[in-house]
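Have a look at these structures, which come just after this line.
What follows is chain A paired twice: with chain B in the first complex and chain C in the second.
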Partner chain A sequence: MIQPGKKIPMFAIVTLLSVLSAYIAQAQPPHSHMTFVDPDSVFVFKYSSLAPQPGPPENLAAADSPNDAGGAISISWSKAPGDNTIFNSVDGYLLYRSASLDDGFSFLTRLPAGSTGYSDSDPDLKNGENFYYQVAALYGRDTLYAETAGPAVPGAQLFHTKRILVLLFMALFSGTALYLINLAKRGGTLYVRPIPGIDAVDDAIGRATEMGRPILFVPGLGEASRVATIAAFTILARVAKKVAEYQTRIIVPNYDPVVMTICQEVVKEAYSSAGRPDDYDPKDVYFVTQDQFPYTASVNGTMLREKPATNFYMGMFYAESLVLAETGFVSGSVQIAGTDQLIQIPFFVAACDYTLMGEELYAASAYLSQEPQQLGTLKAQDWGKIMAITLMLIGSIVYLFDSGAGEALKNWVIGG
Partner chain B sequence: MRREVPLVIVFICGAFMALQYFVPHNISAVIYQNALNWTIIIGIFTLAVGIGSLVNLHYDKISRRKEKWPYSLVTIGALVFMTVLGLSSPEAVQDPRGLFMKMYFYVLSPVQATMFSLLAFFIASAAYRAFRAKTVLATLLLASAVIVMLGRIPVGDALTAWMPEGTRISDLARYILDYPNTAAKRAIYIGVGLGVAATSLKIILGVERTWLGGGK
Partner chain C sequence: MEQISLGTLIWMTVAAFLTLSIFSFLYRDNPFYRFAEHLIVGISAGYWIAILYHTSLTDLWIEPLVDSVSAFGAAGGSIPAKIGILLANLTPGVIGCLMFTRFFKSKAWISRWPIAYYLGISAGVALPLYIQSFVIRQVAANMFNPVIIYNTIVSDLSTLYYYGNSMMGIWTGIGDIIILLGCVCGLAYFYFSAEHTGVLGAAAKIGIWTLMIGFGATFGYTVMARISLLIGRFNFLIDWVSALGNYFNL
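Take a look at the complex of A and B:
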């Protein structure tokens, strides 16, 4: 979005990452982490003289399940002797629980052979109370009990330890954004690359004025709580202000009543700030329906009746995106779309004159306003991208040299 | 005060919602769930505002005899008819043999399906325009589309069966989808994620205030 003086060779980075990904994927033999056992090609020594002596599972441990709201205990053990694909001696495991060592253990569940753990989240587990566990291995009719484990005390945690990287990234990103906002406030110059779709906004409104036709703004099918819809509000505010200045008409059909209420306020305020509060007509910002295709039919009808000079599609769109955009094309409107819905982007690209893809939708409000504070957050997005690219490069390089370390790094990053 | 109070509420709620993701404790989950419930409750109340807007708009069209006003009459009539039908008995909206559900299954659903089916024709017309090889990029798009489309159907492999395994058209299609396509999708996802984070931050800090009904 913002280039610090020199053009970043993005194409080179994307190509490098693509080549690295392809090499890593092809360097791995298919299903290299899996072991296939053909039952017809191996001998099965069940209860044979070679099988190890039956014994109870060992290393039984019970502890509070981490990173939860309590009410759960994780139990683990080592497999009993002969519990493998060669001997298949063990038929399964029986798990028991008790609130006291003095009381008897009650049966909890039966688990298949090969199991080495269980997460007990029974509603009977109360935070702060003691619980004891016992596990037994089943060898035919014989049941061999392990030592008792416990007491384990379920409890709630105040911090999710597997989300520490997300927290760090969030703190770093927020800190960078705050620093850049302050820098922009002090008068620092921030370059923003031109975004054709946003540059076309003024021309599109001018065209509508010259033709004497209205402008149609469709804020999508998202609820007001969706960030893409909030981004659509900010674009609507700028567009409505221009529309008021040019004394053109803007029509905003809404899918969600909450969105409609906010759009009415936004357009009304835009007309006021343009010094033309009397030109605002609340009937031009209206609710249609909360059904996807009836809404689409209504907006299509508006396009064909009113023949708007320009159509804006900003926010969240689903299957109706192409139906709307193609109808707009047929009615001869200039069309500017912006969405973060990946599947709908190609449809808008095919049918609209300009498309704001993904982050460009969020950048639009900063770009239109040119306010330093807004541009500061835009610059922070670029730094976020640099961090993401750095992480990807590190991950790819580690994976190339040691796939085990690469997997460990991946699990740490995704909190696995 | 008209602006400060909402900004303070947004800051507190926004900061809490961001931090609750890191707190698995039950208190955090309960407050989060209550906040979501409040959103639903407020949404239901605003439906009345929406219906008010709809009635107002169409009443205006009918009373002023605006262009194609009979359609507005149908809209108001249908709204009243379905509301009366739905409120006629407690079982009306659940009984599949009742008139309300019959109207839903035999009128609304087919109409919606008809609208949805138009998409097939719109895809064809949009694809025709998008695939015109006017520039180098458009030609690349056309070539990729032909490979992917042929690679996803049996005739594609039948046409290239003579080629060594791994170089047939379905393999090329898989390569295009798995590597360049996935790379581009992930790039957009990362951009969207950062855009969402930046926009959320702007709203929580009060830098972005257009949702309040004003730019400043």
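Take a look at the complex of A and C:
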């Protein structure tokens, strides 16, 4: 609540005093303790007699930045006198660095008033070498230097102390996955609910066979290491095996050379396991280009020329998703898509017959292969979801009892 | 529009021709589209080979390898350390060369080693990052303070009751509840270990509705961005026609 009767007189007195001080400062030589100040570049408050005597920043400290791969040093200091919103005496801070106390310091950066720290991650910082720092407060044209700090030695840390929860989560997830994989290997039943898009895969391959047209499998634009691409390999294995059994043709245009290599292996293996290794044609699994829209133009052209009966889009997709799906729709193909790219899912939903959204893609991979490893991992993911929901609810419930504890828990979870 | 040079006009005409060739795909597959398609695929493949040669092969392998070999002739540094650096720089190249065994049928199986190495390392590096970004941070973002939500809603309703106006804080509170509910139900939809019946089925239904609303918003937003790209192309064609007119004083 504003109480004008108390605030306004104090404000008026301070303003009056400062204006008066500024007038005195202009009319007379500066006070003895202000002799280093340039009176031409001041605000009213800056050099008033009320302002504290200028001085260097204190408590300068430099130390290796924690929880990183090295190459960074954290520097901190206390604000110089007058560096506040009342007097606003300080114009900024100058930071200097040296590899040796004997070599002299070189300028690093200028920081605004109010700064109390800086993280130096200059490429010149080599792990294991000594570095010294100096900071100076700027008062107009004058600079007041603090004591030097150092030596600070940048280095890498093996353990990130703010990521304990990640470690716990990974340990729990991995432990659960290993247990469930073992359970599946010993013959235990791991139920996975049916996923509508997956049941359509066999029908779509059958349709292609009846029509005597090929199947187009687009493994997306992701690298081989992306989870969605890895899931796409499993689905490709299943599709290729069916294709081999039905003696139809599969075309796999690739964006990434490594993905192409793996796709070739996957399709070749699928043909072998179907008992038809000689039917495999490596020319049908080919590299196009590693450029988004030229790749899209090429796949579009393939759709119109080869007229595939079924198009599979599995993996990572970006802006080309709608262009591909629309072309497939126009060419009359049955289309099944699966991606974990949230922004692209709506386009596939709009233009494809079936869409595997996000984690459904991974689930489809496990559902199709029925491999213990994949089933166990999928089940572990379900447990991970239960853990995440539990943590969310616990976090919100703790707030009910103690706001501070709730905030502390949230910060711990974030790693702050 | 200011007068442009003949060279610029020629390049603009080439760009306009290729743009129209690609647009002709809207009618059907035709020789113009095929020409533009093959041109762009060929150019991009060649371009990326040059880029990757300079940014990957030379910068990341050949140059560090040459440096580590020349370090043996330079003063300073211990020999074991120099050997270590040389091996560290040699190993990626050797692993990469194993991929070429694919060209020899009897040794093609060796090419699976670098693939396995690549996938294993990538998955190992990605897992903690994914858990931190897509799990932990999302969980933290959904830890709402129910007391604040309750107080916000109650104080806003009180203001509305006593003064007849609202600070709209009620929507912030309700929004937080919807986000938490939507997130839990969304996770329920992606629960694969049980049939979606009963409570789980109801939660999954709310989850898929939440997802679809989100997808709808994303769809509209992205389509607007694509329309702006289309407008950009049309603007280019209009500029080209104007430039032609100006150049030939039509």
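Heads up, the rule we're going with is that the second predicted complex is superposed on the first by the 254 of 416 C-alpha atoms of A that agree within 3 Å, B and C clash if a C-alpha of one lies under 4 Å from a C-alpha of the other, contacts with A are read in each partner's own complex, and residues count from 1 in each chain.
Note that contacts are C-beta pairs under 8 Å (C-beta built on N, C-alpha and C of every residue); 3 or more make two chains touch, one makes a residue touch a chain.
Computed from a predicted model, the values in this text were never measured in an experiment.
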| item | value |
| --- | --- |
| Contacts of A:Ile414 with chain B and chain C, given as first, second, both or neither | second |
| First (chain B), second (chain C), both or neither touched by A:Arg213 | neither |
| First, second, both or neither for A:Leu342, with chain B first and chain C second | both |
| Contacts of A:Arg193 with chain B and chain C, given as first, second, both or neither | second |
| Touched partner set for A:Leu391, first chain B, second chain C, both or neither | second |
| Chain B or chain C, by number of chain A residues touched | B |
| Touching partner for A:Tyr399 - first (chain B), second (chain C), both, neither | second |
| Which superposed partner A:Val227 touches (first chain B, second chain C, both, neither) | both |
| Partner chain in contact with A:Leu165 - chain B first, chain C second, else both or neither | second |
| Which of chain B and chain C A:Val258 touches, first, second, both or neither | both |
| Residues on chain A lying within both footprints (that of chain B and that of chain C) | 163, 166, 170, 173, 223, 225, 227, 230, 258, 261-262, 265, 288-291, 293-294, 297, 301, 305, 319, 322, 342, 345, 347, 349-350, 357-359, 363, 378, 381, 384-385, 388 |
| Touch list for chain A against partner chain C, complex | 163, 165-166, 169-170, 173, 190-193, 195, 223-225, 227, 230, 258, 261-262, 265, 288-291, 293-295, 297-298, 300-301, 304-305, 319, 322, 342-343, 345-347, 349-350, 357-360, 363, 378-379, 381-382, 384-385, 388-389, 391-392, 395-397, 399-400, 403, 406-407, 409-410, 413-415 |
| Residues of chain C defined as touching chain A within the complex | 22, 25, 28-29, 33-34, 36-37, 40-41, 43-45, 47-48, 52, 99, 102, 111-112, 115, 118-119, 122-123, 126-128, 130-132, 135-140, 142-148, 180, 183-184, 187, 190-196, 211, 214-216, 218-219, 222, 226 |
| Contact footprint of chain B on chain A as seen in their complex | 14, 17-18, 21-22, 25, 67-70, 156-160, 163, 166-167, 170, 173-174, 177-178, 181, 223, 225, 227, 230-231, 233-234, 236-238, 241, 254, 256-258, 260-262, 265-266, 268-270, 273, 283, 286-294, 296-297, 301, 305, 319, 322-323, 325-326, 340, 342, 345, 347, 349-351, 357-359, 361-363, 365, 369, 373-374, 377-378, 380-381, 384-385, 388 |
| Parts of chain B lying in touch with chain A, wherever the complex brings them together | 18, 21-26, 28-29, 39, 42-43, 46-51, 53-54, 56-57, 60, 67-68, 71, 108, 111-112, 115-116, 118-119, 122-123, 125-127, 129-130, 178-180, 183, 185, 187-192, 194-203, 205, 207-208, 210-215 |
